[in-house]
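Heads up, there are several structures right after this.
What follows is chain A paired twice: with chain B in the first complex and chain C in the second.
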Partner chain A sequence: MTALRPSRAAGLGPMLIVALIAAALYWPLMLAANVGPAGRTLASGAELECRTALACASQLRNPVVPAPAQLAQGFMRLSTPVTSPLALPYNVGVTAGETLLGLLLATVTGIGLALLLVASRAFERATLPWLVASQTVPVVAIAPMLAVLLGQYGVQGFLPKAIIAAYIAFFPIAVGMSRGLRSADPLHLDLMRTYHASSAQTYRLLRFPASLPHLFTALKVAVTSALVGSIVAEISTISFSGLGKMLAENSRASDTVALWVIMGYGAVLGVTLVALVNALERWVTPWSRR
Partner chain B sequence: MTYTNPSPQTGPAQPSPPPNEPPIVSIRDLQKIFPVPGGETVALKDANLSIQRGEFISLIGPSGCGKTTLLRLMADLEQPTGGGLLIAGRPADEARRERQYGYVFQAPALMEWRTVLKNVLLPLEVMNVPGDRLARAREMLKLVGLEKFERNYPWQLSGGMQQRVSIARALAFDPPLLFMDEPFGALDEITREHLNLELLRLWRETGKTVIFVTHSIPEAVFLSTRVVVMTARPGRIEGVVDINLPHPRSDDTREDPRFFTLATEIRELLKKGHA
Partner chain C sequence: MTPARTAAARPGAALLTAAALLVGVGGLLLVALTLPVPGDGTPPNARLWLAGILALLAVGAVGVRGAAQGESRAARTLPAAFTLLLAVLGTEALLRAYAVPAGLIPTPGRVLSALWTARTVLLQDTYTTFVLEALLGFVAGTVLGLGLALLVVRFRFLERGLLPYAALFSSIPIVALAPVIVKAVGLDWPSKTVVVAVTVLFPVVVGAVRGLQSASRLHLDLMHTYAATPAQTFRDVRVPGALPFVFGALKVASTLALISAIVAEFFGTNGHGLGFRIQIEVGRFGLDIVWAAIVLASVAGIAFFALVSAAETRLLPRAGRS
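Showing the complex of A and B:
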């Protein structure tokens, strides 16, 4: 397994090159995006410390694309004090918590559903179309209704968002897991049959381990869906914390620098969550060649 | 018991079993037809065979003549479309539920998420075999010369090594009957001869009944008490050759003039079916 390490390290090389290219292109693209609005602001006769549109492009109050210095300022302003419920770290934590709880709920339901789907063709025929239909309803449309509905039963705050996240994340897990449970090698099934293994043993010792690669592929899709779900839920329901709440607030205030900073935090959160699933996969499936 | 095509009898090979003991495998007019798109394949036709406890039977024949099908029927992994069979005096499904046999498949069929040792432990776990399972599994690995690889995963082993693990796995729970589908096909000559000797020793010491598929005429002659020669399209038993070579067999056996006579006899039967 150690022999495969270099290829993983080598995978970082091309990534770094792309990052360098993006960083090099950032400044000219930023100027190009802002020069128009800067020109208009100058023409309107506003009091500015800069003379030319190009010079003003990196100093706009609400830039289309913020300059690196503006981003750094915005980052400091929104990230401190670190423990404040108004600052980003706390709100990222809230969204991360909702997402992970949502993913957990989705995993439990998804695996449960998969077991039923695999056990009974009749159950599959009766429910699969409805499960598919459930996924065609846009989350944005269903979130406020669910929040109100859950509110009726006193479920408020953190939990409704996790449930909405779970609502869109359970589906890929149910599909991936039922495919995984059916993916056991026919020869292995024959082998278990020669041992006269019980159905429970066949699930525990064969079908379940055989399904793990499928389950983890599904989890990687599900975790990003859950993140989208919890942010959308925060935006479209009454919320007092979370990335979505901050996005909604700052977009109403047209604070574009803040929106960019929040977006950055969201991206880092997304990458971290996927990395977490990858780490879990390596821990649970040590036999894997990757 | 009548054979489809009785071969010349040359005399008893092994100390013959007590005359009144029922055969461990008894096959009567066995037939297996697979439906295939636009027709059917006759994988096995009118097979008759009776195997006594303690015999070492080799099945030999061209690819597609129904050797695997015959084993799978005996193992209750396929259902016959005609005729019948008894294993240890019971219907095949009952014998399977009583765990009368171990099956070495044509492919190793190891579970990739289990280490070598855990693969060998699998039947012991499933059957909840009492006693020191770990010691038993290690003993079996030692038998096939893989005790140093117990912590490895199957993908870290060569094809032949994987097949040896699957043999250790089939032996682990000590079944009275062994079905082996070309277990040594992927091995080099030296390892193969070594394992042939080990298998023979195990067979003589434990009194197991072995039903062994091979493509090698010398291997069949070297190992067996009787060789069942099969031919294809439709798959059927062409003849049964008694191997009247003395036991225990050794490298000298291969030099015995009777060894060549028997090999030729089998080759002639195979050719006859080919024509």
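Showing the complex of A and C:
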């Protein structure tokens, strides 16, 4: 632990410098991106408080790249009041809830499928090629239609988004978990046999613990795809809250500043969810900590 | 386990398997053809048909189970093929038996005919989404990612300062990124190409850096004793060691590329692309076209993945394959 600490402190320095460089580059980049549209707006004779294209570049109503002041303003506008259903914190919460429920559904389905895959070779040969192929299929494409379908059968509100999130997330879990269940050391398996352990005991004492690292690797992939799934589901169904609804609304209204702020919130949510899975992993498998 | 496998080797069991498959597939085909297309004629007695269809599916499943025994080439490939066939035929028969309207779930037959009748539009969409957006973005992202990885490996400062951000960025949902880029670059296809390039970039950087640093101390020491130049060490030790990691990342990126191209199209296009087609036809309840577009997207996705895998088998020595 003590050996870790200095390298960690040394690691933060370069990260900070890179962040500062990026921040310093942002302003000229923003100006360069906005000067063209600003010039066009001026030429069209719009009533603006600024004279030159360069001065207007940081004050456009729909900037290509928003100025820091505009971002701060947009952040305040979209974040307050915190509990309002029109503000972002509430909508982020809704999306997070859908994603986590979806991940739960996906984990249950994925683990069930993995057990079947490991138990029956015929089942594996009949379905595994399609499971692998389905990972290469753009599953998001199915989301809009699945939403219509579930709506027809009366599944509405929170649940269809969670189901779509689960639908996208359960393949990596099934594949990762079945790989994990098979990853038990053959020596240990032989040992269990010599102890005359039952199949259930082998699973409980050996195969499940051995599969946990694989499961968590898969969960980290799955949680990001579940987030994408629930946002896409919100965009393509009738929804009244959530990040996807905000994205669709502001994309239609061409409110660029709001889109940037929502992107920021989405990024924070994604990073937080992965961190959550990491924390869970450290808690469940303390022995794999390096 | 063992008795079942030896039984499959006997000609009697093989005959039984073939018979079960024949009855399952043929029966379902017959059922699907006898039942009227939803909307045509009187809706059939669903419960009666359901029992028949389930029985035929069960017979087919027994056949698939029989075909999966043994280690022959047929035992590895046939079960999957027959599963697909049974699933498609079973869906067709069930949808017809319950007279599900085509505006809700189109039958596979209807999807196939939509695939044929709308082929020019759909192929053009596939060209836009797959070639112009996914493939071009994939190449751009990969080249950029590999370049960045080389810089990161060369300069220790960048490794500490840039790499954590790359890992962080890869957990950002693409859907949140896409509208911003589409609004900034424009509605035409280049904006989607940029989205794809950005999503491909991060896994490639992370994979390539991990690969380039995976060279074992022993090999590097050996090169040192040979008095090899840094360039030689790089070419002969570091690059071959990195390839498995890079291809692992590229496989992930190939699936990400198509997904992000389709998602990005949800936020504005000039009227081309599979994502646009899906979005617009869902709104018009033209679900046969939607499924046809999904079939094309899947075929493109599988082909893309297969392409990367084929490149991997060509370029990698046997031992390094994942």
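Odds and ends about this structure:
Here, the second predicted complex is superposed on the first by the 260 of 290 C-alpha atoms of A that agree within 3 Å, B and C clash if a C-alpha of one lies under 4 Å from a C-alpha of the other, contacts with A are read in each partner's own complex, and residues count from 1 in each chain.
Here, a residue touches a chain if its C-beta (ideal position, glycine included) is under 8 Å from a C-beta of that chain, and two chains touch if they have at least 3 such contacts.
Quick caveat: nothing in here was measured; it's all calculated off a predicted structure.
By the touch criterion defined above, A:L131 reaches neither chain B nor chain C. Looking at the superposition, the partner that touches the larger set of chain A residues, chain B or chain C, turns out to be C. Once the two complexes are laid over each other on the shared chain, residue contacts for A:A55 go to neither chain B nor chain C. When both complexes are overlaid on chain A, the residue A:T224 reaches chain C alone and has no touch with chain B.
Judged by the touch definition given at the top, the superposed model places A:T194 against chain B, while chain C stays out of reach.
In the superposition on chain A, A:R121 makes contact with chain C only, not with chain B.
When both complexes are overlaid on chain A, the residue A:L212 reaches chain B alone and has no touch with chain C. Note for the complex: chain A touches chain B at residues 185, 187-188, 190-197, 201, 205-206, 209-210, 212, 285, 287, 289.
Looking at the complex, you find that chain A touches chain C at residues 10-11, 13-15, 17-18, 33, 64-65, 121-122, 125-130, 133, 135-142, 144-145, 148-149, 152, 224, 227-228, 231-232, 235-236, 243-244, 247, 250-251, 254, 256, 259-260, 262-263, 265-267, 269-271, 273-274. Per the touch definition, chain C reaches chain A in the complex via residues 64-65, 68-69, 75-76, 79-80, 82-84, 104-105, 157-158, 160-162, 164-165, 168-177, 179-180, 182-184, 254-255, 258-259, 262-263, 266-268, 274-275, 278-279, 282, 285, 287, 290-291, 293-294, 297-298, 301-302, 304-305. Touching chain A in their complex are the following residues of chain B: 75-77, 96-99, 101-103, 105, 107, 109, 111-115, 122-123, 125-127, 153, 155.
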